[in-house]
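Both complexes below contain subunit A, partnered by subunit B and then by subunit C.
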Partner chain A sequence: MRSTWGLAAPLVAPLGLAYAAFFVAPLLMLFAVSFYADDRMTVLGLGQWQRFLGDAFHWKVIGNTVLLGLKTVAATLLLGLPLALAYRAASPGWQRVLLFVVVMPLLTSVVVRTFAWIVILGREGVVNQMVMGLGLAADPLRLLQTELGLVISLTQIEMPLLLLPLLSVMARIDPNLMDASASLGASPWRTLFRVILPLAAPGIAAGCLLVFASSTTAFISQSVIGGERLVYLPAMVWQQAMVVANWPFAATAAIALLVSVSAVIAVIATAGRIAGGRIHG
Partner chain B sequence: MSITLTRRAALLAGLAAPAFAPSLARAQRAGSVTTAIYPGAWEEAFRELVAPPLKRQHNIELEMQGLFAVDQIAKFAASRGAPPFDCFVLDPGPRITAIDRGMFEKFEVSKLTSRAALPGMLVDDWGVGCNAQVVGVAYNPKKLPKPTGYADLLKDPWVSRLGLTGFGTTFGTVSLIELAKVFGGSETNIEPALAELKKVLPKIAAVSSPAALPGLFQQGQCDVIYTNTQTVTTLKDRGVDIEFAVPSTGATAFFTTLHIAKGCENIENAYKYIDIVVGRAVQDALQKAPYNFVPVNTGVPLGAGLPMKSLAEMSSFNTHDWSKINPLRGGWIERFNREMAK
Partner chain C sequence: MARLRTAGARRRSMGEIAYVGIIGFLAALALLILVGPILVVLATSFTDSRSIRFPPTGFSLRWYELLLDEVRSRQIHRAVGNTLTVAAWAAGLATVLGTAAAVAMARAAGRAGRLADAFFMAPLVLPGLAFGLAALMYFSLLGFRPSLEMLVAGHLIVVAPFVLRTVGASLSQLDPSLLDASRSLGAGPVMTFRRVVLPLIAPGIAAGAFLAFMASVDNVPVSLFLSSARTDMLPIRMWGMMESTLDVRVAAVSGLLILTVFVLMLVMERFTGLTRRMRG
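== the complex of A and B ==
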């Protein structure tokens, strides 16, 4: 009898080969390119790494990029979690409506959604018109080209990535557990923190992971909404690769982005496993 | 004898096909020319306005590869003697890089039928200009008085409405050089510009990526920018209140140029393609909305929004030596990042 692997190998092979050819190989090339010391890629050396890691400005850019991701995750979680709880408590008909509302932004291109935020957050945009119309401020608020404006727009843009895994996990929570919790004397808050959230932990972790990865690498939103006063790693990679044509330095910055994002993702995934394990384990 | 093509063989054949594709593509090139082209507006314009007359007049198919300048140079360098396209389209900086690296065939302007209509400053041993860019200051006349020059941009009332962009584009680079010159800098010394910008940085309305700048102007986020006439005309066509102002130190000009790739096998077709692009009919069409190119053919009357009456006047505009700028530009980009970063 053929082993399971023997049966699965031909099925896995096409995707495996595609990954090897179009993901693993380019990634290895990226690592290799970062070890060229000159922009014409003729001399091997650690010059790019020394230049990148030895400069405090680059560390600040890494920090800002990671911080942007964490702030976006916090904001999406703060707004998304109540919606997910409302979804869990809603009737099947309302659940379908909510799901449609959550998915709807994905039907529009991220470029369109990003440019829409210029119209909303701009000096003469919807928010400023409302604030000034209500007499809350004499001068327009500066929202575009600020980190606050960028986090606001990314929160909306990335929200579906948090909600889709979260809603799917929420929908699978057995309602009897909530009744059991209540009948054993737990308050609604205690039920939320001791039953619902631990059961939803895998969905929360998956959503946070997607939002973090997507917002730290959101080149278009960072460039358009954030502007050039806010420097993040994706823009730096673009500049070095496409304007300066220094591919080894661009590769070094790209690997720094990959490593820093992966490190935080590993922490989020571990936290999700631990939180989920407390109830599942 | 019959040939039985099993599914596995078909799959293998399918997987192997890409390996043979380049040779197949080259075999089909007899009646065609392949050009690199900037993605977006350039690609659309050439598909609409260049490909049809090339086919009609010479029975040559125009094949286009959408590539930014850096990609064109990288792709050519990786091709090792078998050029992936017949023609380059480049801005001045990458053009110098490509010349230094021996990527062009020598260009013989005598092969162009429209050579007499091309100003001498547009043609050299390596290629020919196909689009001029005239750079200066653009402002919203309903909100701001007309600035007299780059120095005004850093004063009230302009500075608090200023949108600026860094060294990422050719127009951004030449504008910042001109700003530096006003404060004692030069083509190779942009420090005075950065020092002056740093002083007024908190007041500046927007420090933007070049692609987002027109959108920010349109939305009123900023009301004065440095840019080219093409952007001004395009925004004006959309009903935006915008006017072009020639700085007191003069407008700046540079050209986008066409070149024949070293080792090109379709040289005759390449010349015919270039001839069509710089010819009167195509240049006239490219000047019209929505593309708003600045024509390079003296037979085409210049549009009303341009700060010169003839192409000859452009010889008095500010120009820059990109062989000096290229080695410094990477450092300038980093300096701009650091100085502008919060």
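== the complex of A and C ==
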């Protein structure tokens, strides 16, 4: 677009300054604080980093956090992709209804959605009443405070983040391509894996990225549904900062979260670009 | 709904039937998982018992009455007040600053534009919890005590991307010939912006402001660190109510939030085509 109104710099400056003061500066401070060796923040040193990286338990927590994110991404894909395919095939009227149904949970507080899963997965919850009512188990299943329960909950909590970009690319795929694929004798499965999914790759990657980022930082869902026995990085950051009041160590754990999440996100984004580039490029 | 296209083929093979069946089943399961929990919470909030179970044993409004009781639910009311105040300020500031930045960035093509976009969108993918802790350390070490202003500053960063995205999308659909026409008719840049651009992107701005407001109301990672007993925020208070003794008022708060979101979404859908904008 040509320059038609005003100048660019004065318009970006206010938001840029706000980001500098309230986003960049705090993150720099976070890095700085992690280099205090003691929790009183008097001596500089690499003590916190040595303590954090030298303990196998912390590596296990990092691994668990990344794995939780990946499991959530896999579960949302398993259910979200078919829903997106149904959306593609639906009439415009149904598409509007489906879109509303997808957006509604997204705008409903994360805490509300977490609470919903307590009601569903609890000892007297919906699932257990059904299971016991059907005589499938004599005792209530333990679903809360398990990773399975947490992944099921996060699947619902994060699925809209996958679906929004996914529905957007699905809606733009030319239906003629599918007709062509079918008339050339391809089975629907072949069309799905060889035509639809490659074309939808950028949307899938964008969605996976958001789901991963959101599920790994979902402190309240992790602590309320996962319970105290399942330790993920956010709980560690919170505990160290607000309970133990060891800010340098909390900063170190927060940076570990930042770095591990960013690394996986970079991989997902690159994979999406490569898959998309092969088709569109 | 699960009527999947099987164009061309008249005779359905086993593979096609399996395809429609499996995809249809998973899609239905996805819908159930998306909507079911919300309906369960809504139903639970009308229970007449002291424990949270589904289906509720009987219908009553007792938890809503307790929730609306100004004396017994004073802390919740204060948290709601704080949450709405912070959301209004954060969304308002994000809308003004974000719209201005989006207008400027719409014209910055190429590498610089992409970099600026990635920078401003970063709060959307960076772990919010790390940013929340960073903000707490930053403000405390600068000597500030917990305040609503601090929460507004933190929320502003988290909600600005929503405005940038919706306004940016509206701007990209703007027909450049309209701007040329306005200029050739003698309108200056300010006049063109006010009389041509602004009316055309107004729905996008409104949708962005709404999403920013809702994102602030729902925010956990920043409020977790920046709120205090005096500046309590609703999601954090609800977390507390869930952690200790499972207070049935959580269900009533949830029920009210669900109904509010539903009504607001219908209104925004009517005036701004909200969901289409979110799909992009």
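Descriptive notes on the structure:
Here, the second predicted complex is superposed on the first by the 274 of 281 C-alpha atoms of A that agree within 3 Å, B and C clash if a C-alpha of one lies under 4 Å from a C-alpha of the other, contacts with A are read in each partner's own complex, and residues count from 1 in each chain.
One rule holds for everything that comes next: a residue touches a chain if its C-beta (ideal position, glycine included) is under 8 Å from a C-beta of that chain, and two chains touch if they have at least 3 such contacts.
Everything numeric in this text was worked out from a predicted model, so none of it was measured.
On the superposed subunit A, the positions of subunit B and subunit C overlap enough to count as a clash.
Of the two partner chains, both subunit B and subunit C are touched by A:125. Once chain A of one complex is fitted onto chain A of the other, the partner contacts of A:57 are limited to subunit B, with no touch recorded for subunit C. When the shared chain is aligned, subunit C comes close enough to touch A:89, but subunit B does not. In the superposed model, A:115 makes contact with both subunit B and subunit C. Once the two complexes are laid over each other on the shared chain, residue contacts for A:224 go to subunit B and to subunit C alike. By the touch criterion stated above, A:239 is placed in contact with subunit B alone, subunit C being left untouched. When the two structures are aligned on the shared chain, A:200 is found in touch with neither subunit B nor subunit C. By the document's definition of touching, neither partner reaches A:208: not subunit B, not subunit C. Taking subunit A as the reference, the larger set of touched residues comes from C, when subunit B and subunit C are compared. Of the two partner chains placed around the shared chain by superposition, neither subunit B nor subunit C is touched by A:264. Once both structures are laid onto chain A, the subunit B stretch out of 37-45, 109-117, 127-135 or 325-333 that overlaps subunit C is 37-45.
Overlap of the subunit B and subunit C interfaces on subunit A comprises residues 115, 118-119, 122, 124-125, 223-224, 241-242, 247.
Remark: subunit C residues 1-9, 13, 15-16, 19-20, 22-27, 29-31, 33-38, 40-41, 44, 51-54, 93, 97-98, 100-101, 103-109, 116, 119-120, 122-131, 133-139, 141, 153-154, 156-157, 160, 174, 176, 179-180, 182-183, 189-190, 192-193, 197, 211, 214, 217-218, 220-221, 224-225, 235, 238-239, 242-243, 246, 250-251, 253-254, 257-258, 261-262, 264-265, 269, 274-276, 278-280 touch subunit A in the complex.
On the side of subunit A, the complex with subunit B involves touching residues 39, 57, 60, 115, 118-119, 122-125, 144-145, 223-224, 227-231, 235-236, 239-247. Residues 68, 70-71, 73-74, 97, 165-168, 205-209, 211-212, 215-216, 219-221, 329-330, 333, 336-338, 340-342 of subunit B are the ones touching subunit A in the complex. Subunit A contributes residues 1-9, 11-12, 14-16, 18-19, 21-23, 25-27, 29-30, 33, 78-83, 85-86, 89-90, 94, 96, 98-120, 122, 124-126, 129, 155-156, 159-160, 164-165, 167-168, 171, 175, 178-179, 182-183, 187-189, 192, 209-210, 213, 216-217, 219-220, 223-224, 234, 237-238, 241-242, 247, 250-251, 254-255, 257-258, 261-262, 265 to its touches with subunit C in the complex.
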